[in-house]
Structure formats: C-alpha cells, structure tokens
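Multiple structures follow.
Same chain, two partners: chain A is paired with chain B first, then with chain C.
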Partner chain A sequence: MRKIALNVNDEEYSVEAKPHHSLLHVLREQLGLTGAKEGCGEGHCGACTVLLDGRPVNSCLLLAVEAEGARVTTIEGLAEGGRLHPIQEAFINQGAVQCGYCTPGMILSAKALLDEIPDPGEKEIREAISGNLCRCTGYVKIVEAIRAAGKALAATRGA
Partner chain B sequence: MALSIVGKRAIRLEAPEKVTGSAAFVADLKLPGLLVGKVLRSPHPHARILNIDTSRARALAGVKTVVTFTDTPGIKYNAAAHPAPGSVLLRDQYLLADTARYVGDPVAAVAAVDEDTAAEALDLIRVDYQPLPFVLEAEAAMAPGAPLLHDSGRNIVGRVEFTLGDVEDGFREADHIFEHRYRTSKVFPCSVEPPGVTMARADWSGRLTVWSSTQMPHQIRRIVAGALGVPQGKVRVIKPYVGGGFGSRLGAVNEPLCALLAMRTQKPVRLAYSIEETFLGTESRHPIDLTLRTGVKADGTLTARRLDAILNAGAYATHSVSFASPVGNWFRGMYKCPNYRYEGIAVYTNTSPSGAFRGYGNPQVNFAVESQMDEIAEHLGLDPLTLREKNHPCMGDIWERTKWPIESCGLEEALSLGAAEIGWREKRGKSRDGGKGRAGGGSSSGTGDASSTGNAVRGGDAFRHRGVGMAYMLHCSCGRPALHELSTAMVKMNEDGSANLLYAGADSGQGSLTVMAQIVAETVGIPLEQVQIDPVTDTDLTGFEVGSHASRQIYAGGNAVRRAALAARHEIVALAADIVGAAPGDLEIADGVIRSTSDEQKQVTVAEICREALFGSRRRQIIGMVSEEPEGNPPVYAAQFAEVEVDTRTGAVEVLKLVAAHDVGVAINPANVEGQIEGALQQGLGYALTEEVVHQPATGRPGASNLGEYKVLTAKDMPEIKVIIVEAASRTGPYGAKGVGESGLVPTAAAIGNAIYDAVGVHLDSLPFTPSRVLAALKGEAGAKGAVITVKK
Partner chain C sequence: MPKFELLEPADTREALSLLSELGERARLLAGGTDLMVNLRRGRIRPEYVVRILSKEGLQGFSTGSTGLRIGAMATIREVAVHPAIKERFPALARAALSMATPQVRNRATIGGNLCNASPAADTAPPLLVHDAEVDISGAAGSRTMPLRDFFQGPGAAALQAGEILTAIRVPDPGTGVGAAFIKLGVRKAQEIAIVSVAVLLRRGAAGQVDEARIALGAVAPTPLRVPAAEDELRSRPFSLELAARAAGLAASAVEPIDDVRATAEYRRAMAGVLVERALVDAWEKAAENCEG
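Right after this comes the complex of A and B.
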C-alpha cells in the first residue's frame, strides 16, 4: 500500500493504493466515483475514459500513482451548480444515450475535443471518439449530439 | 382522438442519470463486506478432471470459500431462459464442470476479500486433467467415432423438421434449381458492459437476492432456484441498469454460480466476468452450415425450397435443442412457396456454448437465403427487387412461421423508398454492365489479375469498384405461438393524478421504459411527466414478465401495459361520469383533464378523480392491472441496401452507405426506433466484415479473446447510415406497434454481400467478408465459393 494524493474534479484526495492499482480501480472502489465504467480493462473500449489535465485517457491502463500531480476530471465533475454541461444536455436531447454504459467516456472524449476544437466537423468528431466503443447506437446520434453541443458551446462563447 | 404522446420523440426518462454517471449498474453497487468472486477455467477443450487440490487456496488469508464440482448441489441445469413449455430445455450442465468440455469451462470458483486475493487463490488451485480427444466442428462431431461430449451416446442435441407439400415434386416443376452452401461465423454480442456481472446475497432469514444485469429477471429467478435446489419463492432478482443486452443476457450467465458463492459464505459476493471470460465462456451466435436448394420457374416463381442446416451448439445445450426451430421458421416464413422442407440439426462440439444473439437464427438464415436470391435474380435476368416483390408473403397471406394471417405489410413501400435513397436504378449493375464485364469473378478465374476486366469507379482507380446490393427480411414481434409470452402490468393512479407503472420490463438500453411511459400517458390521458416507472426491476415487486427477447418488449409487454392503463382509465371515466353527471361514453381525457364532448362545462381533472376515489366516496385506489399474452405475432419487414467499394488488389471492402427501410408497425417513439436500427446496423456490419471467433484446431482455444483481436466497429469505421421508418400498423400491437429490437441487423450481411457481387462479380458464401476471403473469391480459388451447383434444365 502506498499513499497517493489525487486531484479529482477539483477536490484533493489522499488514498492508500497498491502500486499496481489502476486509476479506474481507485476512482471506483476507493473514491466511490463509479461514473467511469470498466468495459474491457485492457484499453480497447474507452468506457473508463477520464480526462487527465484535459486529455482523455483510459483510466484502466493508467496506474493510480501516475495520476499524481495531474488534474483528473470524471463524469461526476461535469455538471456544475446543479446544471448539466451542454454536452450532457445534447446527449439527452439528441437521443444519443441508449444503455448509457459508454456514455460517460463518450462525453469526456467529446469534451476534450470541443475544448480544443470548438466547432469540429464530422471527421474530427469520429476520430475523437474512435477509442470509445458503443454497441447500442451505431454512433449516429452520438455524432449528432457532439455536433449540436459544439454549436451550443460556440453560441454561448460568442455571446 | 388524435394521438398526442404516441409517435413523439420523447426524451428518455433515465438519460439524465446516465449522462451524469449516476445510473448504477451491477458493478457500481456495493454492500458492506462485499466479497469478490472469481472462476478457474479449463485450459483444455476436453478433459477428465482427475483431482482438484484446493487446500492451498483455502489456506490463503482472505479467502472465504473455494468451490468445485463436489461442492455444487449436483443438479443438472440449463442456462437458457426460454419460458417452458414451449421449448425443450435439456439439462446437461453443472454449475462447475464434472468434465471439462471446452476451453473456458468453469471448474472451480473462489470468493475472497478482494480482487487480488481472489486472483491469487485461483493460482493456488491445482487441477489434474486427463486430456481427451476433442472436436470443434459440427459436421465432424456428427461423424461416427467422433469424441462424445455427454453420455447421451451421440453429439446430436436437437433435430427439427418442417415440411409443406412435396419438395421433390416442386423441384421437378422448376425450370432452374440452385444449390449453395453457406457458412456463418461465431460472433459475440459484445455489450460494452460485459455480460456476467452479478452480485448475490444470502441473508440470514433464508432469502437469496441476486442483482443481475439480465434481460430476463423472472427467468433468472427460476433458473437460479432450479440450479441451486432452493424454492423459487426464496429467490429475489433485481435488475439495475444494464449496459446493453443483444441476447447475451437472455439466460443465466453466472447468476447461479455467484449465488452459490453467496450461500457458501453467507456474505454478499460480486462475480464479474472479464472480457476474456466473455469470449471464453459466454454465449455466441450459432455458427451454422446451411445447404440451400431452391427450385424456380423462369418467371421467378418459387416451386420448391429446401434447407439443411447444421448448427454448432457448443459444449452445452442451453438454447440449442429448440434453436433449430426458429432457424427453420425464419426460412419457411420468408417466401411463398407451396413446397418446402427444412431439417436442422444442432450438434455438440468442444467449443463455448452458442446461444442467443440479436436475430436468433435469422441473421444466419437470411444471409444464405438472400445471397442465393441475388444469384437467382441475376441468373433469371430479373431485378432483385422484382423477385422479392413477387414472392414475399404479404398482408392477408399465411405466415408460415406462425401459420396465422399477416396483419400488415410495409415491404413494398420499404423497397421503393430504400431503392430511391441508395440510387438503385442509376447504380445497380453499372459496375459490371457499364464496363467490359465483371471484375474478376469465379467464372473467369485463372487470370490472376482480377481487376483487369473491371470497371474503374473512383478517381480513375482501376482497382476500386463500386456496387450496390440489397436484401429483404421478415422478423417477429414476439415468440408466439411457440413460446409463452406473458406480461403483467399494473398502473397505479396516485392522488395527484400521476401514475406509477409497475412492470418488470427489462430495458437494457433500448429505451422500452420510456415507450411504456408514453403508452401509459397516452392511454390514460395524462402528461408524460406524470408517469413514473422505476428503471430497476425487482421480481418481488412486479408481476410475471417473460423479459426482453424476440423483439417482444413493446409488442407483448406494451400490450399488457396499454391494457392495464385502459383498465385504470375505465375506472377514472366511470367515476368522473358519476361526478360530472355525464355518460361515460361522452367523456374524453387529455392532458390530465376529463371533458364531456357534448357539454364544455362538464369537466374535472384526473387528479380530482383520483383523490375522490382514494379519500372520497370510494375509498379505494384506482389501479389497472392486466396479466396476459398478446393476441398475435405480426411479422416486421425490412429492405436494406448497401453501397460498397471493393479494392481488388487487397480484397478490402469499404461500405459507403447503408439504407435501412423498416416497417415497424407504428413507431411509438421514432427516435428510439431509429436508435435500435442504427445500433443494429453496426452489429450487422461487423457480422458482415470483421467479427469472427475461430477455435484453433490444435488447441481448441478461441482465436480472439479481447476487443483488440475481435474487431467491433468504431465511429470511424461506420458508413453513412440512413434509416427509413415505414409504418404499416398492426392490428394486435399497442397503437399498431410491431417489434423492432432485432431486425436491424438481419439482412445487413446479405445486402453487403450482394453489393460486393454488384461491384466485382463474385458471391461470397462465408461470413465475414474478410479481405482474404474476397481475394480468394476474386481469384476463383477452390473452396472460396463452397459447393455451388446451378442446374439449368
């Protein structure tokens, strides 16, 4: 066991973790943040996606100790002051959510994209979520949702 | 009255819980003292288990129990969830194997304080195996002298025959007879939440609670009770949020085993299978060998159809005894023909058990039948659309699957809308006829350079050829009459005029919950926001419900829900009639207000009536309750069209566009219907192009056991998709709805295969269409096309 300090969703945590434990394991089992899901545990599905200093990572492959000193954002950190993030709103409104198991990871990958490219094209969107598998939607409404969210965000930025 | 909520793109009720990560799936649940379960699996495809030494594992600190075959109740069970008595559930499996019958067969299980300890305990278990001869292919397993998997004396686990008329007469009448052999692959549902995640707790008062990521809560209750030999009433199954089903959770995955660990420890236990275990030991779609012989007149009239199917059941029966029936049913239901004969044989092999995966036999049958239809059309010089229009069973015809008259048919509209969307008339046949003939092709084999005769399509690239193809399908709205399709629903009216729907629905992501709420709101006449339904299903709190299979949820479950809502509405109307002094037939309800159609002054709110019932003169709550089966099983139709580009140097197939025109009856929630079809297309495309597990001949191990080796398509891999909804309302479905859950992937592989033919002139007979299979076919290599006999009389 080793003590590690984590910054998750702007909160400081100090946890005891085994050196081989993944960030996903610590988030889910120790911090009770179960929004990041385990699909494969091997870096293939993206259900465990979180943001590390704003960039999407597969938290199942990242050791918890490797996240020390970085800012970790999980799906639980997206809604602010009781209000959903525009990407979350768009996923709901466009019917982009089916079983919801891929959804937290998808939304975080989308956030990383939109933070970098505010109004991405379809190709960029598909590229950005290509590490996130969805078995329910065929990605059609997910792509539409991300595009709609980009437009909504651009509108608020422009305002 | 016009419908105000049915037909709307209602936002999913539970979506906010999902986008915030708040929706709890089984693995997100925690109980104090929760133990972690793990399973030890056989590395051999077939082996006698001579001895299992668990002493070191038991001695490890933190290990709470270690179980092997001798610790199980010794009861044989069947993991499939079919509601008997409609089907035969052969019991041939123990919770832990007595003899290992496939690589991955569970032989021992542990429960320990944490993951690491459980994993360490598995390492400490010593199993002495005596390897036995094994067999992986169904045909080989049927041969005399093949290694036997069970003590039944043969590997044939089920055989089904259907006949109508006399096929031999029919073949004699035919102008042409076509015979082909098709092979389909072993593919996995691959829900992103892997199947096989369970939590169980045996409490001190003797109850066993199982939290299961299932599609069939009430079936799981029965299976768990049976496998463990405990009274069914002692078992309670709770289904929280589920991360996609597609058939993978149609039977028990590991619920009984997890429950056994919980009973042994008297502690809560979580057993979650890894992705590797998903590929090793959970159910797949049956690989089927299909020999198809069709007799046809020169004008395209079918005179005889014959299918001989050999199904690879894997090591345990699960669904397979009766699985040969739907395979035959899809076959005989597809086309009108006075003579048919079907024989399906399911065979044990030393591979992981096959079971349910979206489509339930139809994707396999459809691939064969629709690939052959394309060849027949080509041979007769008919437009493939014309051949379907001529021969499909239509409204009023008897559907051979059910032997009932067809309630509605939207196929012709689907064909014409789909054809227009893909550009059928402009594109079909152009790659072949517009140029100097076919690119490559088995018939002109031997050139070695298949591309040289082709018609260049893209940017002058002589090696890339485009084509369009189509396939049609028929699917079901439930499993009647073969299967039992009971649903129970209760609509409870509260004193504020809101309703609770108590219904053991098994929404695993398809959105059926929201649709049920729409049905209640529409039927009672209250706003959608006033209907509550818990996404968590609990067998203690709801009436019997078959579950989510056979595309039945909206058709069969929705029927019970609508009828329960109607019963509540009748009570509301009767009381309102008394109160406002009107005839019940004179009252209408909309948006929570009851109005007389003849006198505007006479109105009262649903809330007032519900309050009056509870606290006023009646002193009883208005509750509508119904437990019944739906009346029919209307077929759903679809026509799918694909445009592809084939690279004749590499054999790579790129699908450019998929058009899916589906007759779904009435779409109660069009966004959900599109979502079902769009998602299914991703699976159908994977079936066509990339997904396959082949068990290795030397070791019996599956050739893919993770999502790196097994290629599930990403957002980048998907073509343009166009879904077209056609609404031919059913007579018996709620608001005219029919099924939609499975149909989206049924004809996809054949449509793509037929587009490949249009592009490069070869028909492929095996799934998936990998570059090497395409190349082999282009080179006309023996075996690439299987046995093809086209007898022209």
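Right after this comes the complex of A and C.
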C-alpha cells in the first residue's frame, strides 16, 4: 500500500491505495465518486474522463499516484451550492442524455473546451468530444447542448 | 489491473541505475496510455513499473541555433500546440494532432510514441523527414543516433535493456522548405493510420528540388524513408510528372501487409497517391517559405 494525497473537486484526500490501482478505481471504490465510469478500460470510450489540472484525461489509464500534486475534477465537482453547472443544465434542456453512461465524460470534455474556447464552432466541439463515445443517441443533441452551454456561460459572464 | 511493484526513483540518474539492475523485470512509465493497456491485456508482465519523480531534462522544449530539442516526456498535446513546432515543423504538429483522442494526447508522450516502435506511429514520418536524432541514456553513458536507425521492427526500438530515450533533436529546416503530412484512415478521430506520409522539400532558386525527403508509416515493419523516390526528385525541376514518378517509386519501395485495417494491395496503391499529394502540398508550402 502507498499513501496518496489527492485534491479532488477542491477537497484534499489522503488515501491508502495499492500502487497499481488506477485513479478511476480510487475515485469510485475509495472516495465513493461514481460519476466517472469504466467502459472499455483502454482509453477509447472516454466514460472515465476526469479533468487533471483542467485538461481531460482517461482516469482508467492513469495510476492514482500520477494524480498527486494535480487538481482532479470529476462530474461531482461541477454543481455549486446545489445548482447544476450550466453545461449540465444544457444537457438536460437539449435532451442530450439518454442512458447517461457517457454523460459525465462528455460534460467534462465540454467543460475543458469551453474553458479554453468560450464560443466554439461545431468542428471544435466535435473534436473536443472525439474521445467520448455515445452508444445510444448520436451526437447531434450533445453538440447542440455544448453550443447552448457556451452561449449560457457567455451570457453569465456578460451580466 | 495486474499487480506490480511501483518504484519511484527521484530522477533520471537514479532511474537508470534501477533499470540497469532490473533489466527486463522493469518497465518505465511515461504517459501510460500504452503501458496501462498492455499491462491490463497481459501482453507484458513486469514485476516493477518505474515512475521517475523529477522529470527534469525529460520534459519541455528548447530552441537553439541548430534546431529544436523536445524532451521525450513532452506530451503529444504539447507537441501539437507548441508555437515553434506549429511554425517551423507544421507536419509534426499536424501528425501529433491527428493522434488518438484529446484525453490520450494529454498524457501520451512523444518518447513513448517512438519507443513503442509501432510501424504506424504518427510522429515518426514527420520526424524522419526532418532528419531527427534521438538522445539515449543508459547507466554506462549517453549516445545520440539518427531516428532512422532507432526503429528495428514492429515494437522493437534500438534501446538496450536499462536505456531511456531522453530527448528528440530536430534540426532547423532553414528557408525555402515545405513539409506536409497526410494520414489515411476510415475515420478522423481515434484512428490508427492505414497509411501515413510525410514529405519535406527544399526549393532551389531556379525552381529545382534542392532536397527531398519522404517517409511513410504503416506500410512496412518500421516507419521508413524511401531513398529511391527521394533521389528521383533531387536536383530536378519540380513538375507534376516528376511528383508522379517519385510517388510510383515510393509505392514500389514499401512492404505492406494485409491486416484488419486494409489489404497490402490497397496500402501500396494509397502510398503512391498520398506521396504524390504530399509532394505537391510540400512544394507549394516551400514556395511560401522562400525568402524575398
């Protein structure tokens, strides 16, 4: 076992974990944060996506020890004071969620994009979610939701 | 995830002594995007995974009078967006951006991409046409070798047990140079190349080809240069006919295989098509980069 200090959603955690355990495993099994999912376990599907210092990574391919010293953001960290994040609101309003398995990863990839490019075009949106696979409904509603979220965030900033 | 013992040496020096002691029993962790998959699938079963705590000297970019040094643990994303790479080595930036997914590019390293020695490694063809060299360190000392000699077969790089790839050196291309990269896949994202091509041309004052370099991926046991096609171009005035002739020679030089992604026949045909396109593209870019 190895002691690992993690900063997840702006909270400090100290966990005893096996050194070969992935960040995804520690998040789900030790911190009880089950928003990130294991899909393929090989870095294709993006269901395990979390943000590491603001950038999307596959938490299934990251040893938990590799996240030491970085800020980890999971889907649980997006809502503030009981209010959903504007990207979450947009996914609901645009009907961009079906089974929901890909949704946490999609939303975190969208957040990384919108933090970098506040008003992205369709091409940029599609590139940003190219590492997140949806097997239910297709990508049209998801792309619309991310565009709507960008506009909502811009309106908040302008106000 | 299969069990292994995690070793965390403080720096490269400490890592080299550990790796030389443990040999085949240990694997070095870089971005982990291939290592973790290979561990999980049981393709490799090391007793130890070595994670270097201080990446000093292994990360970052430095530009000097002779060219660019890329730390082997620079991420693929960093390579794709670095201003000096986008400006001076656009074919490399483009190849990096074509690789995998945003999530993988944020972790995967350029050194990992080369050390895994996939015939389809995306960063290999552009680095080969730029005559890149690699710095290798071992417990006994350091050496530098041309990237051309680094690839020895599918999955086989010219690293002795216990050696680490520390940096990639790319000479400055100079003026009048144009480079192009084309990757053929059935989809745009998350694709492993069916064929990839990089071309570098230097345009002489009289409209002749002063220098020509062509590299291909996924059409032979290693990423490779095609000297016969390059010789055909050198010192001749550029024309579409010349480009087509050189492309034909490149297609004859490759040794593709049938696999799930494409047949050998298709790969050979596309190698010719893509080399021709990349030559035209690189020649136009070379004209834009001529002084005056």
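By definition in this document, the second predicted complex is superposed on the first by the 159 of 159 C-alpha atoms of A that agree within 3 Å, B and C clash if a C-alpha of one lies under 4 Å from a C-alpha of the other, contacts with A are read in each partner's own complex, and residues count from 1 in each chain.
Quick note on the criterion: a residue touches a chain if its C-beta (ideal position, glycine included) is under 8 Å from a C-beta of that chain, and two chains touch if they have at least 3 such contacts.
As the structure is a computational prediction, the values presented were derived from the model and not from experiment.
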Per-residue contact with chain A, leading partner among chain C and chain B: B
Partner chain in contact with A:5 - chain B first, chain C second, else both or neither: neither
Touched partner set for A:19, first chain B, second chain C, both or neither: second
Contacts of A:127 with chain B and chain C, given as first, second, both or neither: both
Partner chain in contact with A:66 - chain B first, chain C second, else both or neither: second
First, second, both or neither for A:58, with chain B first and chain C second: second
Partner chain(s) touched by A:42 [first = chain B, second = chain C, both, neither]: both
Residues of chain A contacting chain B in one complex and chain C in the other: 18, 41-42, 44, 127, 130-131
In the complex with chain B, residue positions of chain A that touch it: 18, 28, 33-42, 44-45, 47, 74-76, 78-79, 84, 88, 91-93, 95, 97-104, 107, 125-127, 129-143
Contacting residues of chain C [partner chain A, same complex]: 1-6, 8, 29, 32-33, 36-37, 40, 49, 51, 77, 100-104, 106-107, 188-190
Touching residues (chain side chain A, partner chain C) in the complex: 2, 18-22, 25, 41-44, 46, 49, 52, 55-58, 60-63, 65-66, 109, 112, 127-128, 130-131
Chain B - residues contacting chain A, complex: 9, 11-12, 14-25, 27-28, 116, 189-194, 241-244, 246, 274-275, 508-511, 671-672, 674-675, 678-683, 706-708, 712, 714-716, 718, 721
